[in-house]
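Structure first, commentary second.
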Amino acid sequence: MTEKPIRKIGIFKCGNIGTSPLLELLLDELADRQDIKVRTVTTGSKMALEDVEEALPKIFEFNPDLFIVISPNTALPGPAKAREAISSSGKPGVVISDSPAKRVKADIEKQGLGYIIITGDPMIGARKEFLDAIEMALFNSNISKVLAVSGAYRMVHQEIDKAIYAMEAGQMPVLPKLVIDLAAIRDNAELSNPYAKAKAMAAYAMAEKLAEINVQACFMEKESEKYVYLVSCAHEIAQGAAKLADEAREIEKYNDTLVRKPHSKSGKLKIKSKLMQPPVFAEEPQGKTNT
Amino acid sequence: MTEKPIRKIGIFKCGNIGTSPLLELLLDELADRQDIKVRTVTTGSKMALEDVEEALPKIFEFNPDLFIVISPNTALPGPAKAREAISSSGKPGVVISDSPAKRVKADIEKQGLGYIIITGDPMIGARKEFLDAIEMALFNSNISKVLAVSGAYRMVHQEIDKAIYAMEAGQMPVLPKLVIDLAAIRDNAELSNPYAKAKAMAAYAMAEKLAEINVQACFMEKESEKYVYLVSCAHEIAQGAAKLADEAREIEKYNDTLVRKPHSKSGKLKIKSKLMQPPVFAEEPQGKTNT
Amino acid sequence: MTEKPIRKIGIFKCGNIGTSPLLELLLDELADRQDIKVRTVTTGSKMALEDVEEALPKIFEFNPDLFIVISPNTALPGPAKAREAISSSGKPGVVISDSPAKRVKADIEKQGLGYIIITGDPMIGARKEFLDAIEMALFNSNISKVLAVSGAYRMVHQEIDKAIYAMEAGQMPVLPKLVIDLAAIRDNAELSNPYAKAKAMAAYAMAEKLAEINVQACFMEKESEKYVYLVSCAHEIAQGAAKLADEAREIEKYNDTLVRKPHSKSGKLKIKSKLMQPPVFAEEPQGKTNT
Amino acid sequence: MTEKPIRKIGIFKCGNIGTSPLLELLLDELADRQDIKVRTVTTGSKMALEDVEEALPKIFEFNPDLFIVISPNTALPGPAKAREAISSSGKPGVVISDSPAKRVKADIEKQGLGYIIITGDPMIGARKEFLDAIEMALFNSNISKVLAVSGAYRMVHQEIDKAIYAMEAGQMPVLPKLVIDLAAIRDNAELSNPYAKAKAMAAYAMAEKLAEINVQACFMEKESEKYVYLVSCAHEIAQGAAKLADEAREIEKYNDTLVRKPHSKSGKLKIKSKLMQPPVFAEEPQGKTNT
Amino acid sequence: MTEKPIRKIGIFKCGNIGTSPLLELLLDELADRQDIKVRTVTTGSKMALEDVEEALPKIFEFNPDLFIVISPNTALPGPAKAREAISSSGKPGVVISDSPAKRVKADIEKQGLGYIIITGDPMIGARKEFLDAIEMALFNSNISKVLAVSGAYRMVHQEIDKAIYAMEAGQMPVLPKLVIDLAAIRDNAELSNPYAKAKAMAAYAMAEKLAEINVQACFMEKESEKYVYLVSCAHEIAQGAAKLADEAREIEKYNDTLVRKPHSKSGKLKIKSKLMQPPVFAEEPQGKTNT
Amino acid sequence: MTEKPIRKIGIFKCGNIGTSPLLELLLDELADRQDIKVRTVTTGSKMALEDVEEALPKIFEFNPDLFIVISPNTALPGPAKAREAISSSGKPGVVISDSPAKRVKADIEKQGLGYIIITGDPMIGARKEFLDAIEMALFNSNISKVLAVSGAYRMVHQEIDKAIYAMEAGQMPVLPKLVIDLAAIRDNAELSNPYAKAKAMAAYAMAEKLAEINVQACFMEKESEKYVYLVSCAHEIAQGAAKLADEAREIEKYNDTLVRKPHSKSGKLKIKSKLMQPPVFAEEPQGKTNT
């Protein structure tokens, strides 16, 4: 294991979606994975072209083996610039973005990049009458819970893991072409109780719905007495979705069937479901999603 | 406003605490602040000396006006290295860390750096039988909720804001020397209902308690049949604390007294409490914490 | 008051939406209104043309002054038949239906009928692997709670009341042309706390979302292992929406601001908000909705 | 199957109890049952003799094979009139009513009618200071949940089904003589977990208790400052009972043991308990209640 | 204050009701009241005549100024013995008991004793298949919450306080003749929000209902498969009632109107409602109950 | 069984901890145990030396076979006096106390007494601005729930039972030397689902934490605007802990694995876990704790 070269994952974040804050942590949650190291450069909440142009070179200077660029709406100039640069580098790259990215899937494919589009990773209620640092943090907390429990985060890290494993095996990584929509949640969520899955799907569907409401509130409604109610409504849906996600996971805890898949030191996933039993290597840890 | 130079905030993250993932977003939640830009470089969940040594130079290359380094236990070699480098740079710098950092407060002061030590930002239950990417994400979600509602995040961004405002006023920034413990939460939480404050304090105290349990579980208990129960117990406390935090905030919503403090374009905070009224500039937006 | 002729309201129900089961009760919840009597004829859950043709004549035999026909998708042959018959009768008539009815708004107007289209009154998860009598009852219970708290039921009965008042005043009733969508909920919900309104809107938006999922599950997905998850997911959203609706109403109870508008014996609405104070006549009880 | 004659069920509703609004839907929840059609005539919330006398003939004009009359207190003149008419018709008839009907059980039997008396179907808090259309709807929503989960609705439709099956088999239907009290719930609720059953029983018992309180509040207390608290208290019990009912059902969902009994096209019940398995014909679908 | 003689309260407990375990603590919750001392002798859960006869003399040996005897059903031989002895002593005495005590109110009055009969202090589900030490403790916990929030405990200690104050003023104490039923809760509960009061009343009414069920389960049902469900149902109602009680109190906390009435050192009650304000002496602390 | 002498347990309570109010009931929850009788003498909430000196002789006059003294901080003069007297009596005695008692464990052992020290039995928030009789009762209710579900109460009664069984077997009782801390809860809680155990442990750990906060609030903070928040925070933690305890027990109910251990008439414990099955004698009922 120790003789294998360590792969470097270079993550570039501009702007923020619900998958962004924890992305690098999803790949190495125990901080003891010996097959990869992760380096991230971000421009914070801003994602203008000039921000990207200034910050992007730093991630290249880390000389990563695999690039990930994550942002809202990857079609905007800033994220688009990042995609171009990674595409030009000749290194494998994966774009992670939210629902509007569906419109540029073909472009991304032409760029030779993989993509993971998460339809349940919704725009925040970015209106000054409503959003401050605390409201922002709570929204991220709630969305994060939904994406974690519903399986979206699992699909994200397993797709990246799969690319890494391929590189480690000396193969060209098969980059993901994955839209994580409600059907993908249904087909991939690792919840053994069917009502737990239904609740997780419900949470995810709610996140999709609130995305629509926030888009309307932020880009279409002009009167504050209208859009403030809409963004407030959207964040209430987020809170409700987080509660449903919690419920879904509780069901698995009640039945002691909660699946855990820690990364081993080698990078491969182990798996377990009964809390008091140890995790073991699954035979095909990388084969479960995106079929 | 537009003539003012834009200050650049350079954030270096190594390893992860509950305040890390959203830190840069707390400073510019609406992505339209015109007085600062934020650049972040991180080493993901790892924080070994070699990780820091490789990644740290990049944050200097951004040439920030203000440095922030955030990590667990800032006394460890990796974070310590980052502190030294920032201290040597002659630029103002702030260390953000968790409870073990209390032991090196004097060192940090000698280095001329500010510090914010958050006793309610607990160690995660980092045991392979328990922690996988999803459990990690949920823990961060729960802790984030506690830190947001209890006022810890507010204190963090207001301290950084205060330093920025001073720099904008041509003054030497007074760097924070702040331990955010239960007393600080009591004295600073912006919750008008006293029971809401008591609930937020309760959530924070629970986070302190679970930190102790996780330290014991991760560093002292050697038998898995003992430490797995301890980390599970600790994460249950985290979930319970998040619920209490939600309750605290709900009280303010029920009374329509929820304080919001969005950053204006100029970087100054506006403030509001009734949802359907607009935010206005507070007279002394920077004067409320750390007395 | 007693000299006034009693208006007879004839309600024809075929098939069922969430507004159907309680419709006549909404008009006379205390059973002591002296200005109207209500007669209803229904064909139960079925709404085929033959069912309508058999049952419809009975409602005409009651010789009502005002007709209401309520059904799912009013464009289907059965409900369409009922609309035609009422239109031909020359008596005023109002169509109440769910979201698909938006496609025939122009037709309804041409028929000289009023309409109330409730986008948050969703299709049930009508799949035999999932729906039995009990699941059906619970779905109706949950949706009913959402429609009651969010103001949809209030808008429905106030529109009918308004038509009745006009007839009592010897005027031609102005029949409603009302789509109760999320914006209408926002603009009409009688919830004084803005977060209560946001929660009620959230519940309503969730009902809209689950309607889409059930349509897909019932008409598009062909494999039971796919659609059973979808209908289960949809009913979980319904349950979550009912909880949010309950929360919204609790806020008003916590603040003792819950608006109640009982029908007086004369048929006019009284209004009150503090529980221990008596209801009084509002000056313009009919003027609040559908602006 | 298709050669069998279709039986027509004629339902007459005057006034309202918690079982009334969904009654016909309980018999054919999927709207595809080919052995019966249902026709309903109602007088809304009113149940005076004159209302019944005007409306009742219509249900006879449908020429039903089986009559059901449902109302509060069947001993009152209006409902009594309906019973007499059905008794005189010579067709089989079933009376469904609430607790006060226990006093006229012998009369009903003498009339040759069957009865289902539901002691947990409580009187509403019909005081003008408290009850408006929305409060009425929410009360019905809550009670409906209790009656659905506790098995009362199941017993109701199975009794009617049993009568229909007998008629289809060319036999005289054995009409129900059933008082659904707490003991009947205990002995018939289809909840496999014993604590789920205990919770469902608790919800039902609470509905019985609130019935007593509402009777006192509506008929005995004369001062509004006394009866308003009583009806409010009663409706709080209803809400609490609905929550307990939800909990009971959640237990079955957590264990994936929730019994579902959809009507097949032939009218016979299928049965299933694991969500992802199909329903099958039970050997004796009609044999489970009223022993 | 210090010159006043200290009154000694002698409490005799045999068997247990929900008011028993905390009774002496209710009188001196801060342990610094200087006008009284309390001595208690109990026979534990047993209340047979022989237990009472052995233990009762001890309480007389303390030579109390005021006697309290608390037990289930005060008509049973053991408690009756205690009443007789106290009555014969010539000292003032108060009987506290549960609902069956209503049958011997006249006897108690003849004995010259006061009484407080608490209809919402229910019999426990004392069946060996169900009740163990833990279930017993939880039942007491839940009932205690109901009695505390609904005002029953307040009425109890205020009645005893009133008797003490009278003795301190050199007067004959007016001993209570109080049945704490639902009407008394309504008229005395110190909850300023009317819905909080309604919820507290609901909790109390539920306790009354479960008392009936437990009496049936313990004394009338003979088959374990029947009575186990009944006692389980009764304890679920207790848990539900405790939740409603918690909700009622939360409303007062949300509004910062929670009334607190600590005993001062002198024994007189102070009163406060806003949490952050100090308690003050009410003008007539003893005048609020039992009107 | 009936020939065996009945052992008399003499309990002396001074002051109050969460284990005090129900202690004697834990030993004989069904009131039909034929091997023991229990007599208790208490001084109420007060525990000064003079209170103990006056009341203590009475418990000796009952001539018990086994003494139990329970109080807060057993090192204080009052409780210490009781320990001395029991130690001098030559009869076996057990001290039950809270966390501060750990400091005098050696003293207790020297006195020849057993001890049970319950670290999760916290000091109450005894500040006059906060604590009144009702708040006191609710705190005890919440703590009682935590101690019951987490297994602390079970360990307490089983230790006493074990001593009694030894005496009945003609042996010298092995008196407990037991500190019930978080590790003891982990190792002894009778919860079969591991997440239930984790939740129960979480509740217990929270009780430990709030104990620290109340000590600080009652003995160290001098300003009411500081300590009122602390005691309020501590009682919120208590309420949160009770909810977690309830959750833990619900898990066992959901799985029908809830362990019940009723005392048989002989005093030996029976055991059961499925609700609808009878309890049976365990082979070694006394062998489970304090290993």
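All chains are identified by letter, namely A, B, C, D, E and F, in their written order; residue positions are counted from 1 within each chain.
Keep this in mind: contacts are C-beta pairs under 8 Å (C-beta built on N, C-alpha and C of every residue); 3 or more make two chains touch, one makes a residue touch a chain.
Please read all numbers here as calculations on a predicted model, not as lab measurements.
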item: Chains touching both chain B and chain C; value: A, E
item: Interface residue overlap between copies chain A and chain D, same or different (over half shared); value: different
item: B-F compared against B-E, more contacting pairs; value: B-F
item: Chain located farthest away, centre of chain D as origin (C-alpha); value: B
item: Size of the rotation, in steps of 5 degrees, that lays the CA trace of chain D over chain E; value: 180
item: Whole-Å gap between the CA centroids of chain D and chain F; value: 49
item: Centroid spacing, where centroids are CA-atom means, of chain C and chain D in whole angstrom; value: 22
item: Centroid spacing, where centroids are CA-atom means, of chain A and chain C in whole angstrom; value: 40
item: Touching two or more other chains - residue numbers and ranges from chain F; value: 194-195, 228, 232, 254-255, 275-276
item: Chains touching one another, given as label pairs in label order; value: A-B, A-C, A-D, A-F, B-C, B-E, B-F, C-D, C-E, D-E, D-F, E-F
item: Chain B - residues contacting chain A, complex; value: 15-16, 21-22, 24-31, 37-47, 51, 54-55, 58, 61-62, 126, 128-138, 140-142, 144-145, 147-149, 153-154, 157, 224-225, 228, 232, 239, 242, 246, 249, 260-264, 270, 272, 275-276, 278-279
item: List of chain B residues in touch with chain E within their complex; value: 193-195, 251, 254-255
item: Of all residues in chain C, those that touch chain E in their complex; value: 253-256, 258, 274-276
item: Contacting residues of chain F [partner chain B, same complex]; value: 182-183, 186, 194-195, 197-199, 201-202, 205-206, 208-210, 213, 226, 228-230, 232-237, 240, 243-244
